[in-house]
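Below are the structure tokens for one structure; questions will follow.
Labels A, B, C and D are assigned to the chains in the order they are written; within every chain, residues are numbered from 1.
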Amino acid sequence: MSVATQDTAIRTGRVVRTLIYLVLLLFALFYMLPLYVMVVNSVKPLDEITGGGMMNLPQVWTFEPWLKAWSSAQIGVEPTGLSPYFWNSIKMVVPAVAISTVLGALNGYVLTKWRFKYDTILFGLMLFACFIPFQIVLIPMARMLGLMGMAGSTSGLVLVHVVYGIGFTTLYFRNYYAVFPTELVRAAQIDGAGFFQIFWRILLPSSGPIAVVSIIWQFTNIWNDFLFGASFAGADSQPMTVALNNLVQASHGVKEYNVHFAGAILAALPTLLVYIVAGRYFVRGLMAGSVKG
Amino acid sequence: MGFLDIDNTTKSYGAVEVLHKIDISVEEGEFLVLVGPSGCGKSTLLNMIAGLEEITSGEIRIKDATMNGVHASKRNIAMVFQSYALYPNMTVGKNITFGLEMHGVPKPERDNAMNDVAKLLQIEQLLDRKPGALSGGQRQRVAMGRALVRNPDVFLFDEPLSNLDAKLRVDMRTEIKKLHQKLGTTIVYVTHDQIEAMTLSTRIAVMNGGYVQQLGTPQEIYDTPANIFVATFMGSPAMNVLPAKVAIENGKPTAQVALHDGSLTSLPFSQDNMADWAGKDILLGIRPETITDEDAADRKSTNIAHMTNRIIVTEPAGSDTFVTMEMGGKDVIARMRSDAEVQAGADFSFAVNMEKAVAFDPETETRIVP
Amino acid sequence: MAMQANADFKTKLQIWLPKLVLSPSVALMVVFVYGFIIFSVYLSFTDSRLLPSYGWVGLENYSKLWRLSHWETSITNMGIFAFLYIGICTVLGLSLAIFLDQKIRAEGVLRTIYLYPMALSFIVTGTAWKWFLDPGIGLENVMQSWGWTSFEFDWIKNSDFAIYTVVLAAVWQTSGFVMAMFLAGLRGIDNEILKAAQMDGASNWNLYRRIIIPQLRPAFLSAFVILSHLAIKTFDLVIALTGGGPGRATELPATFMYSYTFSRNQMGIGAASATIMLMTIAAIMIPYLYAELREKK
Amino acid sequence: MRSFLNTKTAIALALTVGATTAHAEDVEVLHWWTSGGEAAALNVLKDDLEGQGIGWTDMPVAGGGGEQAMTVLRARVTAGNAPTAVQGLGFDIIDWANQGSLANLNDVAAAEGWDAVVPAALQQFAKVDGAWVSAPVNVHSTNWVWANKQVLDANGIAAPTTWEEFTAALDTLKAAGITPIAHGGQAWQDTTVFDAVAMSVLGIDGYRSAFIDLDESVLGGDEMVEAFDRMAVIRANVDDNFSGRDWNLATAMVINGEAGFQMMGDWAKGEFLNAGKVPGEDFLCFRFPGTQEQVTFNADQFMMFDQSGEVSPEQAALASAILSPSFQSAFNVVKGSVPARTDVSDEAFDACGKQGMADLAAAAASDNLVGSVAHGHANPASVKNAIFDVVTAHFNGEYDSATAAAELVDAVSIAK
């Protein structure tokens, strides 16, 4: 395990250890429960679901709902399934995460290694910006996007997500770079490295752990966003969450719960994967950055 | 005009002036040590020479060219940092040649330079390792290698030995001195360790509170400290400074110093001008090694005073034995030969080499110049 | 910035580059955050309804706002929710982190299980939660069908308890993340101190209470910031879980603001509630930020 | 500050000039009809337009009975990027028309004679200041009761026609151990029931003065207290698990015979039909007792957003297609509603549909057709939601009936 599993000095007795395992397992069950409900019901035929017993394993296993959710469920007037929206989301998330992470890294670099008067106040303002409730920015943001000719486009959505992500990415990188030795920067300056060379050659190669935290955070938030996606996307750039909402919220007619669950899991798959794959670096990244005083 | 001139230079942060009108001129090949307690401004001054901090007023020149506003990389200087500041993501070789690469030196030349330096510092076998895999001493060598490879006009060292253990520190100290003698480069070296300052330097600037307290050769600094701060900062154990009154005895000025029982002893000055201070209070500075047992008194000295005083504590240190007594109401340390028969609580007869004693004006705390 | 006249262009550029690099972010922040906040505060003094309009009405929207029992409900709910959510997440996160730090065998797997809810939005898990909490088909039904016939769990249908189901789901989502923060904090503590304390005869309990937990202060602070920010922004969760019901029993300021601004065409009142929310956030965060950032200088 | 000033002028600009987005030959349609049946019905429209060489850019945003779509619409209009056509309901249409955002469809309307075939009560929401601004798709009537015929027969209950008969029927069912009323505890469902109940107490005139004219003496009057008392009776006949339930799950309870009645708009019929039930045989549809004369309605329409100062050919084509009798029939058969024009043949409709069309025509003729509060056809959104708040709070036991009536006056006055 790559996370620093240190040699804890704490010793515990056998009974206590058993209890600890029990508690940990119990909570694991608690955390798994909703996912279990979703998975189990996504592989059941609809009549088994409406017949009750949401916790029961399927009597007949079917992967039809998954196929339907992906490629043929009714989203709008076209039975396209979620797949085209999946790619819309990817096209939005990748640049937005990349740009906000790079900007956050540069900001953190400037705020810790190139300090100037009032830099702390500036950082405070950026941090406070994380707290703005998104509901209040919808209308003015729409106007700004319209003025910039980015309304209803993927680039507009990228901009929105970058704007409201910078605060967090800056926070992460600033805390991380704050403990990065300033002497290294000075040594590089004397060696003749410029502003960007220092960043690129000296700081960035050591930024892996915090970049993982920033990417996980941003990826999750942007992928899961619904409000901005619904409000600022055009017909051909609606992200996955909006499509999922259209699938699940359809107001009239039979609710195909199994398809809804399959769709929901599909919509969540990328973020789940990110957590499972990169999660092991996550604690390490937090350790290196955001929980340091 | 020296090789490196620090001319009337000050540094302020906002309204707070932290360095006050510093004037130092360093000749080519000199080894200047800036020494002082932490917060005295020595590192700030070094950073200003390096171009890492701006100069608020005044001028810094290297080879007669002003360095004000010149970027650190364009000053042809190299610096060795306290933490070594090795780039953790690069190999030792890369660390050494990074500066050359940044200055656009072609790769073959870089490799040659790297090999030369590695040979000089005996770190050839480390070139492919990452800094994380090196010991403290090895890192230190690499850091020096990185500075050497640039062949700069001035080397700057910022407390380079403070992270090493005691033994290694002494070894590296010698190593640096050898390098300096071999290469003859100009060095400015910051330390808070007065022994490093004394052993390495050709000249020392003792700094405190943003002022250069004294600038001079190690000997000058040691023997004729400009003031009490310099006197007590340089030397270990520190110089004893005790209150005394000047009296004229037999036409010669003497210092009247109270012993442990309140009785006065007379210590005659070698400096005749102390007669001007007759009847006044002064502070008398006596280095511990100038108070000895009678047998160890400096035979070349023309002015040995004698006194008997009670020993409070003895501290055998192997080569010497330190003895604490009370003089002028202060603890005073004397340095005995290790075989001197001293015993705590007993009275003992001391020889004081008054030729080396200095006197300070108690008001200004500056040395009364003969 | 004192600049020497003889500094060459490249050096000058190097001096200005850091600020140049920071400036796009600052510009974005000024326009898209603070500009919008000012705009929103301004709207709260206007007669805006469907769309922004600029007839000045003074404090009318505020006086209307405070007459709405609905607003009071959402404020009270925010208090209950924030208190319980932050409290439970912190305690649970810390406990799990401590347990997980005992050289647990399947730590990697468990950690991932605890963390994954953070990856899912409530648009994804909302239906599952609704089912689970619904007495007719969820936990109550399952327990009763397993033979525990007296088991009752109908909070989501009960105006007085529904807010606690919101807390439950919110805790489910973020406590794993808080656990990760504390785990990181625990891993950062010097083992020597622990050994020393054990030699001093400290029991495990005392070790944690007196030595370890006090050292986790930075983790506590980070957790507090992240949790309070999430608490204030809680929106999807309520919409997905209860829609603000039963009645208006689980309305929170964010849902209130949204519904007045967008569903009810009373943008002025919505903006007034947003202004009050922002002021509350500022009242909590500014002292915190001030203390945090000052310390680091 | 700068951005705000820009926004101010720019919004004014956007509203007067309008904006251009969809290609000249395409229509972009923002709607929330995403379920299979609805989408199939929309496809009829889409194919029709594509037959005329007009592309269809689909912009579905479901959620909250159109609330989510309205939020998106606001963002789109503010951005100067309004869709060509937007599904709209009642007062939302009037609000947007008053903002000057909608195109004038009078030329199409005159050419096709809409004035003559669309009921006047519906025209109130499609014509603003004498100008047609949207194309009505259908009329839903909301004061329906749906009943499981087997359950009623088994308990000897005939379709009740008065409140007394209704309460007697509820008692009978309760005694038989059947949930008398299937209901979903969501504000709009509570108010849908309230609409019918209030109508049954207040009558058409009282309903109008209370909910349309917002007359405080009626809103807070004794009859309103009586209406709330009846709501309490209904609440007492709903199972405990009603809160937050989706309407279609409540319908399923009636279909499965777990419950006797459900008060719901005509869209509930689709659920019965999907379950293979036959109107008149398996299930009954009748007006809420005491409201047999009246029809409370809501209507889906498509607002045409002003794109260039005048109606574009595509918008005209779309509007014309929506109002064509063939589409009206095809769509409404699927949707469960009745056509927005009264001259469409009822041939394709089932028993309930036929009754709905007849009721609508009769109510329109006798001035008994009135907008539904619950569905935004009686008041603007602010007032509607204020009423929701009170009705829901009362239904969930927060207020007694007298308090509820008093709160109603207060809440409406704040929202006005």
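We adopt the following convention: a residue touches a chain if its C-beta (ideal position, glycine included) is under 8 Å from a C-beta of that chain, and two chains touch if they have at least 3 such contacts.
As the structure is a computational prediction, the values presented were derived from the model and not from experiment.
Asker: Given the two chain pairs A-C and C-D, which is bridged by the higher number of C-beta pairs in contact?
Answerer: Between the two chain pairs, A-C has more contacting C-beta pairs.
Asker: Hey, which chain ends up farthest from chain A, C-alpha centres compared?
Answerer: B
Asker: Would you kindly tell me how far, in whole Å, the mean C-alpha position of chain D lies from that of chain B?
Answerer: 90
Asker: When the centre of a chain is set as the mean of its C-alpha atoms, what distance in Å lies between chain A and chain C?
Answerer: 15
Asker: For chain C versus chain D, what separation do you get between their C-alpha means, in angstrom?
Answerer: Using C-alpha averages as centres, the distance is 37 Å.
Asker: Which whole number of Å gives the spacing of the CA centres of chain B and chain C?
Answerer: 56
Asker: In chain D, what residues contact two or more other chains?
Answerer: Each of 3-4, 7, 11, 64, 71, 74, 78 in chain D touches at least two other chains.
Asker: At which residue positions does chain A touch at least two other chains?
Answerer: Each of 138-141, 144, 245, 248 in chain A touches at least two other chains.
Asker: Where in chain B do residues touch two or more of the other chains?
Answerer: 71, 74
Asker: Give every touching pair of chains, nothing left out.
Answerer: Chain-chain contacts present: A-B, A-C, A-D, B-C, C-D.
Asker: Help me check something: in the complex, which residues belonging to chain C touch chain B?
Answerer: 2-8, 10-11, 14
Asker: What does chain A use to touch chain C in their complex?
Answerer: Answer in residue numbers: 1, 3-12, 17, 20-21, 23-24, 27-28, 30-35, 37-38, 52-55, 103, 106-107, 109-111, 114, 116, 120, 122-141, 144, 162-164, 166-167, 170, 178, 194-196, 220, 224-227, 241, 244-245, 248, 257, 260-261, 264-265, 267-268, 271-272, 274-276, 279-280, 282-284, 286-287, 290-293.
Asker: Quick check on the complex: what are the chain A residues that touch chain B?
Answerer: 181, 183-184, 186-193, 197, 201-202, 205-206
Asker: Within the complex, which stretch of chain B touches chain C?
Answerer: So the residues of chain B in touch with chain C come to 54, 56, 66, 68-71, 74.
Asker: Using the touch definition up top, name the residues of chain B that touch chain A in the complex.
Answerer: 47, 50-52, 71-74, 77-79, 81-83, 85-89, 98-99, 102-103, 146, 150
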